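A, B, C, D, E and F label the chains in the order they appear, each numbered from 1.
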Amino acid sequence: MKIAYVVPGPMDYQEVVRRGELLKQWASPGTQVDIVRTSHGPASIESMYEEYLAIPETAKMVYQLERQGYDAAIIGCAGDPGLDAYREITSGMLVVGPGASSMHLAALLGYRFTILTVAENTVASSYELAMKAGLREKVASVLAVEIPVLELAQNRDETLQKLISIGKKAIQQDRADCLVLGCMSMGFLHVAEDMQEALSIPVINPAKTALKIAESLVSSGLTHSKKAYLLPPKLANGRVTSLDELDVNPT
Amino acid sequence: MKIAYVVPGPMDYQEVVRRGELLKQWASPGTQVDIVRTSHGPASIESMYEEYLAIPETAKMVYQLERQGYDAAIIGCAGDPGLDAYREITSGMLVVGPGASSMHLAALLGYRFTILTVAENTVASSYELAMKAGLREKVASVLAVEIPVLELAQNRDETLQKLISIGKKAIQQDRADCLVLGCMSMGFLHVAEDMQEALSIPVINPAKTALKIAESLVSSGLTHSKKAYLLPPKLANGRVTSLDELDVNPT
Amino acid sequence: MKIAYVVPGPMDYQEVVRRGELLKQWASPGTQVDIVRTSHGPASIESMYEEYLAIPETAKMVYQLERQGYDAAIIGCAGDPGLDAYREITSGMLVVGPGASSMHLAALLGYRFTILTVAENTVASSYELAMKAGLREKVASVLAVEIPVLELAQNRDETLQKLISIGKKAIQQDRADCLVLGCMSMGFLHVAEDMQEALSIPVINPAKTALKIAESLVSSGLTHSKKAYLLPPKLANGRVTSLDELDVNPT
Amino acid sequence: MKIAYVVPGPMDYQEVVRRGELLKQWASPGTQVDIVRTSHGPASIESMYEEYLAIPETAKMVYQLERQGYDAAIIGCAGDPGLDAYREITSGMLVVGPGASSMHLAALLGYRFTILTVAENTVASSYELAMKAGLREKVASVLAVEIPVLELAQNRDETLQKLISIGKKAIQQDRADCLVLGCMSMGFLHVAEDMQEALSIPVINPAKTALKIAESLVSSGLTHSKKAYLLPPKLANGRVTSLDELDVNPT
Amino acid sequence: MKIAYVVPGPMDYQEVVRRGELLKQWASPGTQVDIVRTSHGPASIESMYEEYLAIPETAKMVYQLERQGYDAAIIGCAGDPGLDAYREITSGMLVVGPGASSMHLAALLGYRFTILTVAENTVASSYELAMKAGLREKVASVLAVEIPVLELAQNRDETLQKLISIGKKAIQQDRADCLVLGCMSMGFLHVAEDMQEALSIPVINPAKTALKIAESLVSSGLTHSKKAYLLPPKLANGRVTSLDELDVNPT
Amino acid sequence: MKIAYVVPGPMDYQEVVRRGELLKQWASPGTQVDIVRTSHGPASIESMYEEYLAIPETAKMVYQLERQGYDAAIIGCAGDPGLDAYREITSGMLVVGPGASSMHLAALLGYRFTILTVAENTVASSYELAMKAGLREKVASVLAVEIPVLELAQNRDETLQKLISIGKKAIQQDRADCLVLGCMSMGFLHVAEDMQEALSIPVINPAKTALKIAESLVSSGLTHSKKAYLLPPKLANGRVTSLDELDVNPT
């Protein structure tokens, strides 16, 4: 099984390598997992504008990954930006969003989960992501951590303490019985385990979860429904023959 | 009052001029309405991929329009692609989406409306747009017309007959009492009036509606809530000083 | 365009004149707006009983206004009492409710709005009005101002300070990003602008909004759906020939 | 226990007597049930306008009934018009609506019920009544019988056959497992039993149900919540001292 | 009318007798109410495990009660454990759940009710019971009393004070206007009346309510829908001929 | 990783062996999967009564499996009977329900799924299971196959053709884009793959899915939330010391 993890932006090379190593550790025997990044886009995603900015380049990369024989692609952002588009432009390769995957797993483990998102900017869109996943009523709350994505790893201990403190608030005030980390950088920070120990409730790591869901689906012979995510009409009816041609530049 | 209508793609110049003329006819006395288009992007929008493809260029244009002193910008696509992002990156200029505007107006006129969307590809996203607008329960159905956007105007009579026939189905099978045209090209085709006469229920033209809603809001001193659509953190905290800098290209 | 604003009760003549002047100031060029009041009914509306008490006389007036050639009638109460009935008994004249109109406009500007209603008595009915509008999930909260309607204008500053203070509570405790004034007397008090400045979120004035929505709909050739609001059967099948005959007095 | 059944309109005296007799037959030992009618109002209720037209006179009667020592009043219309108002203006006497009572009983007996309403005019308001009762998701459908209320009893057999035929449609097409008669005239027509036998699912008679619910509540020492239905402020704070004074006539 | 009240567990004989006496006091003239208990099962029900543990024995008893000519059986637990199963295995005898019955009655009396359940363990299942009843949106909150069921009666005054104190919290924090006692042992403790007096809102006693609902339904000729609760297929098609045969023991 | 699959009834030994072999084939390298059955209970589960009948014995078995060192237990019925109870009585071993697991996976692959359940008896409970999973709005429909569970495998081809035919109905009439097999016997019949090929949409096999979800969760260090599923109070406070003692037999 070949799975690609797509960083939707020009992440620092060393960090890309570090994350790739973690993914390999998490993978089941028999799974090959490769990490790739796009050549330009947002430095990190903490607003809707940055979500959208990342999509066109990521789409092109996903389109290529299918042609390179991957079984599945994971979108490296917990907001799942562009997931429906990537599913439209692929024919058989599965595309997985860590956000929806994590929420569904959380819903399997308890009654109400809280999503810890990076900034106030992505609180409303996190509720909308839950609504699109059909899980709005399972969300106890969405709480913003208010640490810039690029600073999350600079002081891991401080980040962990803040996450634990907000997690306690979720449990006591919002009656959450499960937590979802709403940011891939949190996922690659090894905090879920420590939080779980401190808070005694499940804490979902979106990076690990997306990998496990991808493996589960591929090994079950499942991919996203092409009745749900149809090929764009111009591609379907042969008006254009490649993804690039959909982007028109008349000059 | 100065309102800009933004075509999110490289539309044919003559069609741009024709639409601009219609907007001027629809405008109230005292409203200046200008039409602009982006330099590249999708030829038409009939899939989620094309929606996303249109956003980055449109965002840059919206960002400039605020600096040029416009009171409001209308996004020229009934799927409202990127609306939340444009609202993040503006400070005082109102940004209006024709899709949500039309649905809210339809909800004001009856109990249940049907959205006529161009293709099967945008049926699910139309339901999601209604869900995000808080109006999912007002939607009787979303029906696909299945005429490519670029061919809608080629045979206006055939298009009209098909729209009327699907409208009848909406009324009889889905108990719709109001219709929403889910595509700007339908809006600029002067079909709403004929459909209304044939079907005896209100038919919402998203182009005219977006203009009227923009005028209503601006003349009431209202703009979208900046507490709802916060400036992207990197812009808010001065890490970058312009929209362009959010798009990073390390090479 | 001729629009009538109907005060659903025997309001003081000078106040009627004052409100009429404001409506004229708010109207677009080309709009004639007249204000009328009913001969008896509640002194103000701050309970469901008073809502219902106002309806029969208001209905007769709306019925006459259509015969006098008006394009639209606005019901002068933010609870929209009797709106469905007025829409049943009119054939082509639009009837607009300020409550639903304001909620839909608020939903267009943010994610969650709070309604400021006059008294605890109308809190539950405000939630029900939102539910009927299809917007229940957009309501952050309904908060009662607890100033009697007839005293709202007696000390404008005090009223304003109380509204601002409750607005802050809506923002902080209920995560509202938009406010709706749930009473026409608040609308004619010129407080929305001051509140907006103090709170930095949109504040919807139901009086101005109802006028703008009426103008938008009439200028777009739209009226409420007669498939949604059918003529009462006895009128439709000719059993009676006027509204008055529906009220039977056997003695 | 003393219960009053209020006909919200000037019903024919003999029919009033006939209904009163049926109510006495249905009552439990120890229950005294009296029937009263208002002096003017709609001849029958088959539109929202007629619902509202009935309320002011009915309210005055309910207000008097409490002063006459009744334990409960039943509103004789399955649309429950004005129920919230009657509950506001009473202090200890229970007021019961047959519509909501029947829906709740239906929800206790199966998964999905269909409401048989008299005319297309009251279909939307029946859905709204279910929504206000919190039972929207239990409604399989609302189907209009399309026999004028005043003609329902003229040919009982024809009416019964039509009701059975529509009931079959509800079961087969809408998966209903229970039916609610949405009109008091159907309730006093002795059709529920015959329908139940023909269709093999429970058929709720709103007249009998309202009586049984009233008896159950009174014998349990329960009345509607005065925290939910507050006295109108002007009555509560002594600004007026009787219901009549709330209706102002300045001439 | 013959009604059986089934204690779903091996309750102390004297307590069974005491409860039986109360039921007889509450019954209407003409109602014979008998109390029975199962021979083994949970000592009290304060977890989902104990709910399920009680069902098989209770089912056998309900099955016998129908054969003994009872008109209705009441399940003596406010969690309504196994209600759908008992309804499957009966053909004409009504089976009533005190939990759903109480919630529907509460919904008839106000806008929002709070359920007072015994322990934190049954909070989530109480929300689910409301959801199954179609009443999730009417629930203001579910609050746990945290007194073991078997100790509720040991110090009635202390229990009452705790219930009143939690009721106040429901009113003030959760805007409840009605309370539902979520445990039969509370119902047989005569606390509803005292709570009602202390809190000035309706307090629903599930024991009395279940009896009144059973009487209302039986006297109206109503039973649960056999289209909703079908006979188990093996019984329906004659594969087995009694309930006992459905429990297979191959050894 | 050690996973137990629990057949909740006295299944034929050869069939147990056959299913165990399939589970071993589906398991990832490193997973040990054992199959066990209860000593008595229903021959198959196709009614709510049979669901409940299976729970007490299954609970005892689950309780023992934790003591035998298993990491996870899968409940071998797609109705997930007793899942909340098994989660209450375990402390660290994960318990997985195939029904909820399959629905969440289906929701990850498309917009709307249809559940194919065995009999009309389990249609309503399938909707309720989806509601409890928070996924009611993702369900396009629940359709009954109406082949007795014990006959599903007797004529595999006929079963397959019926499933494909009902699947087509789900796609065309209910707009399903994904199917969920609502019965474990269908899961062990190898039909999902053939259906998927015939229908071109994903078909979820609950048996394989439950195994994959269990592996994913265990390998991620996740188990169900003990804040959501608390230990029964009598066990938690030491009033009893084993599961058996909760079942009281006073004789």
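As a convention for this text, a residue touches a chain if its C-beta (ideal position, glycine included) is under 8 Å from a C-beta of that chain, and two chains touch if they have at least 3 such contacts.
Each chain and its UniProt protein: A, B, C, D, E, F = Hydrogenase expression protein HupH.
Since the model is a prediction, treat every value here as computed from it, not as a measurement.
Over half of the residue numbers at the interface between copies chain A and chain F are found on both sides, making the touching surfaces mostly the same.
Which listed pair repeats A-B comes down to matching contact pairs by residue number; over half match for C-D among A-F, C-D or D-E.
Separating the CA-averaged centres of chain B and chain F is a span of 45 Å. Look at where the CA atoms of chain B average out and do the same for chain C: the two points lie 28 Å apart. Residue positions of chain E touching 2 or more other chains: 111, 124, 228.
For chain C in complex with chain D, the residues that touch the partner chain are 9-10, 39-43, 46-53, 55-56, 59, 82, 84-85, 88-89, 119-121, 124-125, 128, 131-132, 148, 228-230, 232-234, 237, 239, 243, 246-251. Only residues 26, 28-30, 96, 100-101, 104-105, 107-112, 133-138, 171, 177-178, 192-193, 196, 200-202, 204-205, 208-209, 212-213, 215-217, 219-229 of chain D touch chain E when the two sit together in their complex.
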